[in-house]
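Look at the two complexes coming up: subunit A is in both, with subunit B in one and subunit C in the other.
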Partner chain A sequence: MTKLNLKRTVAMARKEFIQIRRDSRSLLIAVLLPLIQILMLGYGARLDANHIPVYVLDQDGSQDSQNLLKAFQASPYFDVIKVVDTYKDLGDAIDADRCKLGLVIPWNFSQNLHNAAQTKVQALLDGTDNNSAQLAVGYAQAVITTFSTNITVNWLSRYGLSQLASSPLSVDYRTWFNEELESKNFIIPGTVALVMALMGALLSSLTIAREWERGTMEQLIATPVTALEIMIGKLAPYLAIGLADATLCAIFAVAWFRVPFRGGIGTFFFITTLFLIVILGIGYMISVATKNQLAAGQYALLVTLLPTSMLSGFAFPIDQMPRAIRAITYLIYSRYYVSALKRIFLAGNGLRDLRTEVIALSVYALVVGYFATSAFRKTL
Partner chain B sequence: MFSRIWHIVIKEFIELRRDRHARFWLIIPPIVQMLVFGYAATFEINQVQIALIDFDHTLESRDLLAHFTDSGRFTTVKVLRNEGELKSLIGRSAVPMAAKIEPGFAENLRKGNEAHLQVILDGTNSNTALISVGYVNQIAATYANQYARDRLERLMPSAALAPTVGMEQRPWYNPDLNSQWFFVPGVIGSITLILVVNLTSFAIVREREVGTLEQMMVSPIRPVELILGKTVPFFLVGLADVILVATVGSLWFQVPFRGNPLVLLAGTALFLLSSLGVGLLISTLCSTQQQAFASGFFFINPAFILSGFAFPITSMPKVLQWITRLDPLRYYLVILRGTFLKGVGVGVLWPQMVSLAVLTAVLLVISVSRFRKSID
Partner chain C sequence: MHNDVSIVVDGLVKRFGRFTAVDHVNFQIHRGEIFGLLGPNGSGKSTTIRMLCGLLTPTEGTARVVGYDVSSQAEEVRQHIGYMSQKFSLYNDLRVIENLRFFAGLYGVKGALLSERIAWALRMAGLSGGEHRLTGELSGGWKQRLALGCAVLHRPQVLFLDEPTAGVDPLSRRDFWELIHEMSADGVTILVTTHYMDEAEYCNRLALIEAGRIVATGAPSDIKQSAIRGDLILVDCTPLGRGLEALRHAPGVHDASVFGAALHLVVDAAEDSLKYLPEYLTSLGVSVHRIEPISPSLEDAFVELTAKGRSSAN
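Right after this comes the complex of A and B.
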């Protein structure tokens, strides 16, 4: 059993702190990286589709088709950029990415409406980006439904039946937690996890590998400091940096991006600390195993950043993944942290609501802690 | 001159071959990433879990709720009996959506008043919620239209002919709106960017850190030859990885390739050169591998987010949209998706090619001149 001497551990941590402080570039990274990350994701990672560029081919050229165009222009989701004359022009525009939606109003559009017939407009979509296309379809459908209802009402009122034209059913939506359905409120809490994963991987994975590469590890081994003390001493400064970064990210999220923070600050720090222990422990294990900075960095990315961005539910919904992948996500520690973050920020959940997440992260921290201490042997 | 470059190229390849970690991470991570991205990266919403609560207990209310299950879009996870259960389910994020019908629903319908369906949804994942709302609207519209037509027909058969406008959707290039078709080409570009930038910057910084760069400087080799010798292997490795990932991705996920492979090859070459330029530039700014590793992120991360890989550029703020023009990955993704899905050629893709070429030229000039200074 390795012994833990407080004095030696503190000495180790101080050495690591001094090393970080002297390396001004690392410090800069520790501050700038989270800021850039959260700014980029906060502004760049928007899934909302608005100002979708639209080209129109109006084969009808009637008052009715003009009215439909106006309905699209009035919608905040669409920008009618151009009215083209031929089908080919429309196709070329979609090919060249100049528009995402091409609207074809058929030549008999107005004629059909006056004959009380059902008529259809064609929506050509750039399906390449299937998500944007899906949202565009939904918005276009809504514009056309409203337009259609108006036409029907006008027609019926001529027969004195307008009261029958009103829709028999209306849907009332009550949205919880993210009332305006803004994607920033969905994405930004998760970026805290991304920043933590990135910093943890970056910093801790290189610490031991660097000592091996520079040969200072032999000097460390020659001292009475134990393996456990080396680990705790080496990781403590990074835990402090990680917590500082988490605070920075949270402040930015709330003050700059106006993401609601409805939960407890204590809950936030408790879960963040658990997550940092897991991340730092994993980085440390990799560092011990590879003894090579380049390889350590690459492996660390593979097991921290990649799963955190892809399999944690950060942007891609877990419940829509294939069963096998969904099973894997249960093994991804970030899954629990990302879900906890979103619920602390938006739903205001406390530790009791988050017990699954807390238990899962604690188990992870214990397992990682155990393996990290036993992985490092003080031998050459 | 060529023999000296050739020697450096050989030396680099020997170094790569001897590095057992490199052999692993040049092949396995790209493939793993391709598979994980392909399966996990999806914004498609196929099945929405829903809880139902019916306080009306009539034929009409049951009929409406049956529309949800019949649509194939919703899976009923629970039928609730009271409001409290509903609050706790949504509050714990156990179910993302619930549909509720109040008493009097059928009566309102029969009297010709507006009947209400209440939908309570967890907005945390705004994208899923938005798409689910679209599904609900569709179901409600179908139900309402059917009901209204039946009612009209009963009262006044001729009025049932009231004119309506419908929409016929035709998604091009990706008719089933399959998200793998969107993401697989994107993954090829992203993996290549990460690999080449890291590989280049690390290889050079390591030589500097270990001191072997100075040894090479005392040899008769000239700086330009050294740069060429160091970058040619990474160009080839990058190209091999593009081919590997593209083959695995398109065969496994059945993504069509509709364009001209030569157009893609030209775009790939330009993109690899620009990535090499970034790697070189990073290597001139850093003296340790740890710094190179971190600096790589300052470039790769924004480049990735701003490329249009997952997040549409048109939805970004104007300032950010301008910055995306400096992102080589942005242009390469258009070329990738253009050749894979759209099957378009140089006639359409020339603006991207030209932008990429200009960007590459600028990057290479800056990085090579900085690199020469840094080793003088």
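Right after this comes the complex of A and C.
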């Protein structure tokens, strides 16, 4: 069981590699799928909202309300598309998805401004896309705050109190690691995990099942090759392909999507190898258990891709999840890889900074490796 | 154990749930011998051979192959055997040479021996010059000889062949058996299963197996002689069914069974029966076209032995 003969393992790996090369489906999964995935996710899964369409109901119709609209128009986040006359028109526009944000400027807007009374602007939002709605509120508040500050400053200087105009206290933001606060920088590093999970689990889940289905297993296990040699020989080519795919994804992320890569390449490969061992081990065990390629592929997606896309923090921040779900994410191995990827890409963390992730993934790799090596028995 | 005994099977049993596939099987095979397991499909031949290769664990009993116990030393057994499974089980998507190199790698064949053995296997399979063909494109006879080549790259002492000639044309079957005899002459012990009676004649010794039990063991000629007590007669008559029914109750006839388009009878004395039977049949409205004494085939022996087995079990 524990015997490992290098010659036999190499023979196994070489054979598996030739088979991958000749199997168009495997090639597709290994080469094309990662490319499609990173392009789709890179373009599709952006959470930024630019040019949010805005409809306006300007009940005031004053110079001040016009100035506020100009401020919205000047923001890159908003496009003021139309000014409507009735509240109903505004509601209809949101219902019909012609705009994401409806702005209502009340009739006493200008009057209140000049009387130094507090005035309010109403924002109507399309909440069907919760994320975009939240972003729109945030951006709208920012525009209005700036507008309001300018008015205060003007007002103060008119009364000769311009020295007060510069507030004694202000918050000066600087966001580290993702200065532009761009969601692509947040999402794209995590897509490497998604690509690894999909490619690794799908391909490795076919390895043992294929031998059973094609009737080649009986001949194979009648030879002196050990279960361990079969496993290592079969998975080694996929580890190599996985690392190649990870490199491809990283190059794409940096060269195409302009995501910064601040960490070390060695760190990136080390942690990717750990993650691949976990993924390939799981796929292999599923293959051993099902003996059927179709079933194996489906189970593999269920236990790897699903948690990696939903619970790893890849797109949905873990600290915004309900407490129970958040507790579950600690058991999801992908969580540690996604977190490590983001920190390698954006923060340039090294292994020392990533020790939690490294330890968690190592434990997973050991546990999965242990069970995987004892999963396959050389009997019919 | 004697030095010249390669395989010792002692009280081997394999049960799958409540079904007993192999039921207390015993036999010994000597070095260089071609030993056949002959029996119909589902009689337990493949299960026996799989236990001997360490692919299945016996439920009861022991078996030793070149001195190693198949249950506790399966890996040692696998080092010394070659096995060709019932279905073709090389990789169709690999080239001929890639299949050979793969199995050579698994068997640890290396160095000068590697190229020598691969060249030998290619010659033996008639595939010299065709080593870059995809295995899946080869015809049945070639595939089978390539599979044999892959199974013996490491010069095993014992070769297990499970229905090796199933789906192979007659000419290729003859060539194949010639190869088997050459290997046996080199001292390789060969255990082969088959349900072709004519093929079983190529074996040095046979075990007839039915419903998991061995009903007879011995050289083909011995089995035939001992199985048939009396003489064998062929009767060609119409209608066949009525003739069979009549002959089963005829005096001096032990057994009557259908063989192809005619009947085979086991009788006390051929001479008496040949005189008496034509008249007897004609009187019952059966017209006789041909009636003559024949020498028994293995099939006759098999039918006779399994009929006995059945009647004694009832």
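Throughout what follows, the second predicted complex is superposed on the first by the 357 of 380 C-alpha atoms of A that agree within 3 Å, B and C clash if a C-alpha of one lies under 4 Å from a C-alpha of the other, contacts with A are read in each partner's own complex, and residues count from 1 in each chain.
The criterion applied here is as follows: contacts are C-beta pairs under 8 Å (C-beta built on N, C-alpha and C of every residue); 3 or more make two chains touch, one makes a residue touch a chain.
Since this is a predicted model, take the numbers as computed values, not measurements.
Annotation: superposed three-chain arrangement on subunit A; subunit B versus subunit C shows no clash, the two fitting side by side. By the touch criterion stated above, A:159 is placed in contact with subunit B alone, subunit C being left untouched.
Touch criterion met: A:22 reaches subunit C, while subunit B stays clear of it.
In the superposition on chain A, contact is made by A:216 with subunit C only, not with subunit B. Taking subunit B and subunit C in turn and counting the residues of subunit A each one touches, the greater count comes from B. Look at A:142: by the touch rule set out above, it reaches subunit B but stays clear of subunit C. By the touch criterion defined above, A:7 reaches subunit C but does not reach subunit B.
When the two complexes are overlaid on their common chain A, residue A:226 makes contact with subunit C while staying clear of subunit B. Of the two partner chains, subunit B is the only one touched by A:295; subunit C is not. Between subunit B and subunit C, the shortest distance over C-alpha atoms in the superposed arrangement works out to 14 Å. On subunit A, the patch touched by subunit B and the patch touched by subunit C do not overlap at any residue.
Per the touch definition, subunit B reaches subunit A in the complex via residues 21-22, 25, 29, 32-33, 36-37, 39-47, 49, 64, 90-93, 109, 112, 114-131, 133-134, 136-138, 140-141, 143-144, 147-148, 151-152, 155-156, 159, 161-175, 177-179, 181-182, 198, 202, 206, 289-291, 293-294, 297-298, 301-302, 305-306, 310-312, 314-317, 320, 334, 337, 341-342, 344, 348. Across the complex, subunit A meets subunit B through its residues 25-26, 29, 32-33, 36-37, 40-41, 43-53, 68, 94-97, 100, 112-135, 137-138, 140-142, 144-145, 147-148, 151-152, 155-156, 159, 161, 163-183, 185-186, 198, 202, 206, 210, 290, 292-295, 297-299, 302, 306, 310-311, 315-317, 319-322, 324-325, 339, 342-343, 346-347, 349, 353. Listing the residues of subunit C that touch subunit A in their complex gives 50, 53-57, 74-75, 78-79, 81, 83-85, 87-94, 98, 101-108, 110, 147, 150-151. Put simply, subunit A touches subunit C in their complex at residues 3, 5, 7-8, 10-12, 14-15, 18-19, 22-23, 214-226, 378-380.
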